[in-house]
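Below is one structure; the comments refer to it alone.
To keep things simple, chains are lettered A, B, C, D and E as they appear, and every chain counts its residues starting from 1.
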Amino acid sequence: MNTAFLRSFLHGVHPPESKHLTAAKAIRRLPFPDELVLPLSQHAGQPARAIVKPGDRVERGDKIADADGWVSSPVHASAAGTVVDIELQPHSSGSYKTAIRIAVEPHSAQIPRPRVIPDWHGLSGDELIEAVRQGGVVGLGGAAFPTHVKLKPPEGRAIERLVLNGCECEPYLTTDHRTMVEYPERVHLGLRIMMRCLGAKRALIGVENNKPDAIEALRRTKPDDLEVEILGLTVKYPQGAEKMLIKALIDREVPEGGLPLDVGVVVQNVASVATIAEVFETGLPLIERIVTVTGPGIRRPENLIVPVGTRIRHLIDACGGLTDDAAEVVLGGPMMGTALGDLDAPVMKGTTGVVVLTEADVRGRVTHPCIRCGRCLEACPVFLNPQLLGSLAGKGRLDAMGDNHLGLCMVCGCCSYVCPSNIPLSQMFGAAKTDLRRKAQRETLRGDAAGANA
Amino acid sequence: MSAESRLLVTAAPHVGSTDSTPRIMWTVVATLLPLLAAGTWFFGPGVLLVVAAAVAGAVLPEHFFGRRGALGDGSAAITGLLLGLTLPPGLPLWMAFVGGAFGIAFGKLVFGGLGQNVFNPALVGRAFLQAAFPVAITTWPAATEEWMTLRGDLFATPLMSAAADTVTAATPLGLMKFEGTGTEVLELFFGQTGGSIGETSALLILVCGAYLALKRYLDWRIPVSVFLTTAVFAGALHLLNPEYPGPLFMLFSGGLVLGAIFMATDMVTSPVTTKGAWIFGAGIGFLVVVIRVWGGLAEGVMYAILLMNALVPFINRVTQPRVFGQRPKEDAS
Amino acid sequence: MSDLFWILLSAMVVNNFTLALFLGLCPFMGVSSRVDTALRMGLANVFVLVLTSLSAWTLNTFVLPYAPYLRLISFIVVIASLVQIVEMAVKKLSPALFRQLGIFLPLITTNCAILGLAIFQTNRGYGLFEGLFFAVGAGLGLTLALVLMASIRESTELSDVPEVTRGTGLVLIIAGTLSLAFMGFAGLLSAA
Amino acid sequence: MKATTPSQDLLRGVWRENPVLVQMLGLCPALAVTNTVENSLAMGIATFFVLLGSSLLVALLKRFIPNEIRISAYILIIATFVTIADMGLEALVPDVHKALGAFIALIVVNCMILGRQEAFASKRSVVRSLLDAIGSGTGFVIALFLMGAFREIVGMGSFLGIPLFGDGYEPWVVMILPPGGFLTLGTLLIGLSWFQRRRKEAADGGTAKNGAVQEGSVA
Amino acid sequence: MSAATSPPNAPTNAPENVQARPEVSSWRLVATLALAGALSGLMLVSVHQWTQPAIQAHKAEVLRTAVLEVLGGPETYETLYVIDGALTATVPDGTDVRTLEAVYAGVGPDGALDGFAVPAARPGFQDVVSLIFGYDAATGTLRGMKVLGNKETPGLGDRIEKDTAFTAQFDGTAVPLIGVKPGRGSGADGEIDTITGATISSRTVIVAINEALDRVRPLLDAYVNAREAEAAR
């Protein structure tokens, strides 16, 4: 059944793509803002540890916070300037988090310190991984998982294939799309470096069929010696989820509770791969990224390349500001992104886009009782029964939810999207997953304490 | 920055599909209206009164005892309409009202209203009427000369019996069951036969159902499964003993088409899983044939659906989907 | 043969022991909140009903013609003792089966379905095989009603049932609706 | 067990701890034979008789019955009285006996009766036990009468066989059939629960919400 | 209902109970139970003795009324049992008459046979319908029919017992019976108008009578012949 035209996963939903706003717009570089806010926690895992103090002068590309542990990532100054303070600042999560605030030198040429660019040809796998780690590279698809961790699978686990995620299945967003169209060579170079790290012989790039120009660009620039295949995929959300992408490309299911490497695969986002190429081309760490500022609530939608740490307000202003009927500002795509309450929050490494929705676009807020229509079951990409889980959540039966495989839920939002009664299923599942995790932690702690006593 | 001051902060997903529960319900109401029109065409304007009484019976308790604003979701209107369409054209109006009220009160409100009920409220009302007034509910008044003449004794005083002198006609199923006479399948298909208000023209019901199925407002698997099972089972019996009615007669007589398309597919009282939908439909088809062929009643659709409604929680339980990654494909193949 | 089949079907669906004759209501109301328990309870009932039918037949044939006034007392005593003995035997021979069904056995012995079966069987003058078919039909009918009720109750547990109707009232209404639905089986396999 | 006064013993079972409506005991006869007032009353009185007789005997003999076999002894006593009631009814009112059928014998397994022996008669004086039996028995009769009256009036349009509404009345046959039993008792219980909530709310100053109106729910 | 589900306010092992009573030896337990059993047996036997005549008399009266009603005339009747494929009034010693199938022969004032009353039963709409009908072997016609027990739908199916328009049809009708819809009959003998809306119940009566007659007619004829032969001799 895995024909080239119908290549996809089962279930899922088809929200309006809405990518036409920016799909054809070339990436534009934004002037440096007056001030940068660099949160210590921009990635999944432990927050970084600040290594500068207020008053310190930093150049563009200097490390200002170091990784605190293996699953963590350093933070670099994305512009030259002076550290004003290390304090709580608005964060995209909705709360305030510790961030390094830098006043940007207004007259600086923003040229980084002279540095030796490592020649990747001569480096071993481990040296490459260390370089990626020092570059502060994290997944740019949204989750911001430190890339070096993924590049170092546990001993004895062979990686047959590297899969590049060029789906960008979230509506509105076009950053990966533009990256592939404008920098296809970088994608291939990053891919080559990664395959060396992992020892993978083959690679696959999955791109949804609504980006024919990206597929064309990648195919045109494909080096002859690189064993990589660029595959078009039927458009469907959430194809960009690792498990869905693997299912669509190689028709394998990652076991419940397992990782892609259990089926011999590592998945990386195309933008992260392009960034790795940049690290080895320019020697600069991850200090800027491409952000799509779009949506019906923005006056002039654009794809911007911006320094990490730029406040969202600055981006919105650069795109002509909000329209009068703007109702909700979302960081990331509308399906999984977080709504922003404070426009002073900064762009972070994982910020893929700023989508401004109007009243007419947002999900209705009147809920009705569940009518057991079963649409959520037909939408759930991991074949859960959201109807049952939702009822259980309504009764607060966390353990029963766990028994019904809540752990598999990716909070992709498909069930909430299709629900005619507007029940916030996905939202409840996200909360329940957090509760379950906390509960498990408490129990582990209690178990440890009991063990210590004995 | 006036826009900024009233920004929403909600949890993802921030967009949703345009379908809503009231919209689904009111669309179903709209597709039931052609059936009502056809019923009026076949049986005269009296059927409008019968259906109106059933709708009033369903809507009033929902309004007074249901959730605030529950009428707006349209589900009570569907219950009333569906019940009305399954009644004989000449039923006293007070009985139609009682059926609607009982269906909503005992079939839905005691469970907590929309979405919580186990049995299809319209059928609960219908089954109650069948058990309470077995004579009136099986009295099919014969056609009168004038289209405008009201059939039966619609205006019987509440709590009192209908006048007994109605001239009655038999339904195709009754003729088959009690007199062994068949009816032309084409007549059944286009609706030139006696029976309940809304169940005579299979063709019209199929068209309305197809529209809802296309809009995905009903699960096509359920009626298809009902039809297949009925046809196969009835066909097999017919082959073994030609005295049993043939599959086409089984399919197009009585309330099978109406029941399979509009009642079995009630989302609240049918399984949520797709596998469950197939089982549910097959169960209905099987029970319909069993009751019609070996039972004491001419028609079994209502009971078949109610019985399968009772099984739905169990079906849901045993047809939980296999979750992603639970049993990898390569193991299975 | 068709008479035997009718007896079985009648006790199972047409005149379902619980939904039409109101026998076995205690487990129906009490043990019907979980499907697994209900199923095991039902099967234990089938077992005890068959035993009951056998003992009632034996008593009716060999003992009671001489002392009809002792019927009720002897039914109770004999059935209770027999179930007790079987319980001990099962416990000894198959601990696994005992764990599944055993805990229900003492609960069942003085259940009205059991005594009801014995009395109905006597009143209708059923012979040995008729009695056995009657017992199996009654037991299956009971199991069917129990499992249906249990699965419905499991699902209503997740719905927003108004406080006023929550509890036995709702269970009775569900039972009433089930009973209405079972009326569809009326006349099954009868004349004509 | 809490100390109670004789009047409490008598009245408790009638309403506040009504065996059928509150304690849900003896549902089987309450549903099976209450399709007419006559049957309900006959069943109620027969049960009353058995309860009274066995309570008397248990209270009288309680000193002689060893604890280990008390249940068996109680059942024996109850069964004796049931058989007497069975034969008595058959001799005196054969038509009613025929209508009640096996359900007279099933009084034996009415847990209300065994419950009263276990809870009361085996521990209290003869007079107190009799008062308790009269109370519970009356409560049982009342519950059965309510059911029977409702079912007969609606289901047949008559009361004790006397037509109430004239010839034209359309009987709601379902009420005297099995579903009617379940539905009547269910409605009765829901009505009682509604009534109690109303009273409780009135006592609480009417702050609580009306239970019939459910807030818009989630899932 | 189960002994184990005693009401919650009744602790089965109230502590004062346990402490108040010392361990009892098993022979005492057995003796107590035996005594109780004997006492209850005694009570039952006396009540039995007292009620039995009334019960038996009533049963006989019911049967007599029914037989006389369906035969419509004779003053008495005698009970005949089916033993080894023949009818006989005398039963061998030691046979339980309740296990035997019986028919009742009407006896006229002159001692001559005056029809037979035959019981029949068959599953109806809800449960078994039992009835008795009168049959005149000489003319091959029915004399009447009375439903003895039914659980058919009140007001509908139970009209087979209560609707005299239905029951009256059986008097003087030739057998086998044929059920027809009211007003649709051809006027042939043996046609019985079924009850509208209660076709199954009415047919149950018709089929039960036909079946029972198929079974016992040879026996009845043989009995009549034997009796005539005896009378001739």
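Miscellaneous remarks
Methods note: contacts are C-beta pairs under 8 Å (C-beta built on N, C-alpha and C of every residue); 3 or more make two chains touch, one makes a residue touch a chain.
No experiment lies behind these values; they were computed from the predicted model shown.
With steps allowed only between chains in touch, the distance from chain A over to chain B comes to 1. Chain centroids computed from C-alpha atoms place B closest to the centre of all protein C-alpha atoms shown.
Among the other chains, E has the CA centre that is most remote from the centre of chain A. Across the two candidate interfaces, B-D and A-C, the one carrying more C-beta contacts is B-D. Separation between the centroids of chain A and chain D, computed from CA atoms only, is 68 Å. Per-chain Cα centroids separate chain D from chain E by 32 Å. Chain A and chain E have Cα centroids separated by 84 Å. Taking each chain's centre as the mean of its C-alpha atoms, chain C lies 26 Å from chain E. Residue positions of chain B touching 2 or more other chains, listed in rising order: 67, 106, 110, 112-113, 115-116, 128, 131, 134, 178, 296, 316. The multi-chain contact residues of chain A, meaning those touching 2 or more other chains, are 368-370, 387-388, 391, 394, 424. Contacts with at least two other chains are made by residues 28, 75-76, 79-80, 83, 87, 109, 111, 173-174, 177, 179, 183, 190, 212, 214, 216-217 of chain D. Within the complex formed with chain C, the residues of chain D that make contact are 24, 27-28, 31-32, 75-76, 79-80, 82-83, 86-87, 101-102, 105-106, 108-109, 111, 174, 177-183, 185-187, 189-190, 193-194, 197, 211-212, 214, 217. Contacts from chain E toward chain B in the complex involve residues 125, 153, 155-156, 181, 194, 196-197, 199-200.
The residues of chain B lying in touch with chain E in their complex are 134-135, 138-139, 168, 177-179, 296. Interface residues of chain D facing chain E in the complex, by the touch rule stated above, are 1, 23, 25-26, 28, 64-69, 71-73, 75-77, 79-80, 83-84, 87-88, 90-92, 94, 109-111, 114-115, 118-120, 123, 155-156, 171, 173, 176-177.
Interface residues of chain D, counted against chain B in their complex, comprise 165, 168-170, 172-175, 177, 179, 183, 190, 212-217.
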